[in-house]
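Dropping the structures in below, format is structure tokens.
Shared between the two complexes below is chain A, which has chain B as its partner in the first and chain C in the second.
Right after this comes the complex of A and B.
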């Protein structure tokens, strides 16, 4: 089964992304910051990660940078999701290794299309 | 940090703390020392209220995560109005780590930040308004529900409203359900906000 890790400090956002991914039949794990995300990714191989930018303890940029450095998830597709909508924010996400950047609030249809595309690739 | 065990079983720290521990000595070490010296200087400067300026200035230049963490901890320990006033501009900072750590420090000194909440909730930058709501997450203030309701009524940016709804899910009461229902009407084409409102209403009703 396709495994997705949702990393976001807002519980409602995690629930929302879980619901969207579960509609696709994906199995979802959650982490509430980058540190917890790294812990989860140390023990599981994921097919997709959906990562918030602004989180306490470890932000999304640092999390994705760490994921890309080593470990069995280093090539896992990452969708970064943030309220920040400027070009510099998107570029910062791509610079650390994100595959796609979505400005919050994410539309269900878009999330599912991008997720499917990333997983199929 | 290197430690040296002495004959009498006392433990003495080596080089990082050998320099002068007065304010000026620490200020110099914070700026000019190696990583270990900077970390210790940052830590020891927590004893000086006047250290806020040098600590904040170093944050903007410091590359080491361990030194930055020591600076955040000292700023939190000093925890005065000067800390709040000098950190608030970092909420608009491009550096995500600096921004998020600033929120964490401000959350730890709620009695100092509360006088700034209204101006932050009215800040021109929608992200700063969201960060203000993030700060409210741990600010156990009697006015928190009132501030959040004002966001529901006056705010037009969907992500700021969503952050307020998210927070109301935790602190809201049954009397606020109608306000959340009005958000659903106002933002009926926003899928996430509909989801967040329904979740908040469900949680409030479950807790009532």
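Right after this comes the complex of A and C.
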């Protein structure tokens, strides 16, 4: 079973991303911020992470940086999602080690296809 | 309701509340980074989530607010109170929209107009030059334009009418950073009402080259013409960079149609072909001049040739273009290139053949970055248009390019993990055929793991190459997503069936979520009221048992039965007490539900009055019965308005008095036994009891005799008397002083009392004492003139018996000294105007609180305390305010409950 971690501080957005991923038959865990994300990540191995940028306590950049540092999720594909569509925001995401960047609100179709490409069978 | 919408509503309401608090906090601390961040995040979240729903107006307003806040957060703007007013207004509307969404499922049709007004107001806050450029995230697909040639739009119909000189001017205005756009702008018909000026807007477009305005629909007769309705359509040509243009148009995406045009389409050469022989020689020469970079020579030849050519010839027009281009490039020190060559060649062929756009839109320094910026936008756009295979191909390309970019950016730590994440993705994303063509023989994944960063990049690049050449037939992974938002049962079943596989932490958290959801139960208030009534009946019914026991003992002389009834009574009594407490607990709400309204009220009023005021809330968590808390709202508004209006001085007065410029109002809730005390304190000028006395006398509230004897404390309480006002000027806030009278009435109806305390120059305090619950009251029964009365236990301090010799007379008032305190005595017989009883040597005195003092009430006999459900008096009796109500006793008799403060006031 493919496991996806959705990290976002907005309930609505988590619900949306969960729905998108569950349609692909993936199993979804949620975290409200980077710290909760790291806690979840410590106990489970994920096949994909969908991470918001702007969150309280620990933002998406710091979260992805920490994920890439060590632990069993260090090579997990990461999609960063944010409302910012400027180049600098995308580059910042790639710089911390995100594998893709999608501008919110993410299109269902795009997100599902990208996720499908990124996830190993 | 759609569960996602429901989540959005409650989440956004929370965030709006947070935002509201932050705005108020920012007024005190405008530069506080933490508050700014919290505020920004709240607004950001609302905006992000709103994008998931089709509520354009809503998203736009929040988006603009977010933009401005982002500027403020970065220090480009300091928010002052005026700005905050605008924000608060906008968020009030956002809140109203949430209600609309909840009730109707969509926004009203007027929403976009309202949004335009709010945005216009918000825009006044915004600093003129934005450091950043953003487009409305929601509209990115509508307006996103890619730089590659394939995205050039079709030429609009008016394009052919463009005059030649305008074309040349526009063409020359293009440089490496700008592109050519045509804009079709149809202002909203109601745009004049939202303060839009379409002409001004158009004139200020970045890089405006040309525009033409026409009527959208044919103009009607002059009589039928509505001059307030915009019937306009603008056709506009601009040269600008995409970001700047998008930024400029970000609030009216639905009113504009933008398309990027190929710059070479400006070059419009028409006319009859002249004699080719004349030009052949020239063309040979000219090509050589271009290649060798000799513009002067070329210009000479052109002017010679122009003098020989007829104006309407095709070649002549080409020559004009050529001349202008060369002159332009000369002054800008640019090399001649393909455009010039094409222009020269067309003079012979009659056809302008430009393989590439004449000015390639590229930014040499940021070429790589630019590509990546566009790719996802391009993808977003393509997704809808192109067929599935193509999309998958494009998507894969984009994904691969992103990986290269990511790897080349990761010159920092954790390189290995990035690399392995990329390799994982390659392994997953690349189709098998491509893999085998890339890595012969060996297994792709095994080979890949051994690759270094550079090698991986090489592999990706060759994969990209193969993809572009279309050499590989891609059997892309099957993705057949069902439509979004199906009945959630399927996915939830799936989720539950997989839950067993989740690790321990996940299961526990999932359980937590479930239990959290069931922790709060929403119940109709009527059901709880019914329950409360039943409990009340039970308590009254229970009170019959002691009477029964007494009867068994005294009338039937069955002592053992009486004893048994008594012990049963004890058990039932305990249970009913607990039951009552439990039901009461259900109805308890924290004071914060009513206190929360005040920061905004105080802020708004203070600004209206030009006063500087800080509101301090204390004890918000104190709980009381929902009814009590609700009843409290209006009296508190009156009291706080009064403090603001009459209590606190103007800043200048305060400074002159040596006080701090900012006045403080404290709103405080203190739980005390079965009561809750609410205080409204201010540090203003206080109330002068002498002025109150004089005014009360002038207005006939008190007579001369009372004027002499009244204490300062008693005088202060006169402000609660009907028709009493001390305001020298009637302001539009506190009206004519009827407020305090209303406050007293409401509070007393709730079974509470109100006291004014004040020290001249230091401020004043209004203290409300309220029962925690209005449902069940504990009263003490007492006897006067052989009649039973009840007095609320809340105010009773103690019961004493005093020898009649200890009663002293001070002025005209009888009093006793109890433990060194002087306690004025009131005879309940006199107060109730009932017959005098025979004098005994001892007085039964009930010592009770009266306002802030203690008084003694002389009665005939004490009886026991009892729980009652107090019912208000009805009909003609309702006018007797010295009875607070009636109650039914266990043996069927009716008990009159006295309102002692009223009784004493009526004296």
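Here is the rule we use: the second predicted complex is superposed on the first by the 120 of 121 C-alpha atoms of A that agree within 3 Å, B and C clash if a C-alpha of one lies under 4 Å from a C-alpha of the other, contacts with A are read in each partner's own complex, and residues count from 1 in each chain.
We take it that contacts are C-beta pairs under 8 Å (C-beta built on N, C-alpha and C of every residue); 3 or more make two chains touch, one makes a residue touch a chain.
These numbers come from a predicted model, not from an experiment.
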{"item": "Partner chain(s) touched by A:83 [first = chain B, second = chain C, both, neither]", "value": "both"}
{"item": "Touching partner for A:117 - first (chain B), second (chain C), both, neither", "value": "second"}
{"item": "Partner chain(s) touched by A:63 [first = chain B, second = chain C, both, neither]", "value": "neither"}
{"item": "More chain A residues in contact - chain B or chain C", "value": "C"}
{"item": "Chain B versus chain C as contact partner of A:100, first or second or both or neither", "value": "second"}
{"item": "Contacts of A:46 with chain B and chain C, given as first, second, both or neither", "value": "neither"}
{"item": "Partner chain in contact with A:12 - chain B first, chain C second, else both or neither", "value": "both"}
{"item": "Chain B/chain C common contact set on chain A", "value": "10-13, 15-16, 19, 54-56, 83-84, 104-105, 107-108"}
{"item": "Residue ranges of chain A in contact with chain C within the complex", "value": "1, 9-13, 15-16, 19-20, 22-25, 27-29, 39-40, 43-44, 52, 54-56, 65, 68-70, 74-78, 83-87, 90-91, 94-95, 97-105, 107-110, 112-114, 116-121"}
{"item": "Complex interface listing, chain B residues touching chain A", "value": "94, 96-97, 99-100, 103-104, 126-127, 130-131, 134, 158-159, 162-163, 165-166, 169, 190-193, 195-196, 199-200"}
{"item": "Chain A contact footprint on chain C (complex, rising order)", "value": "3-4, 7-8, 10-12, 38, 41, 44-45, 47-49, 51-52, 132-135, 137-138, 140, 369-370, 372-373, 376-377, 379-380, 383, 391-392, 395-396, 399, 402-403, 405-406, 409-410, 412-414, 417-418, 420-425, 427-429, 477, 479, 481-482, 484-486, 488, 491, 494-495, 498, 501-506, 509"}
{"item": "Interface residues, chain A side, partner chain B - complex", "value": "10-13, 15-16, 19, 53-57, 59-62, 83-84, 88, 92, 104-108"}
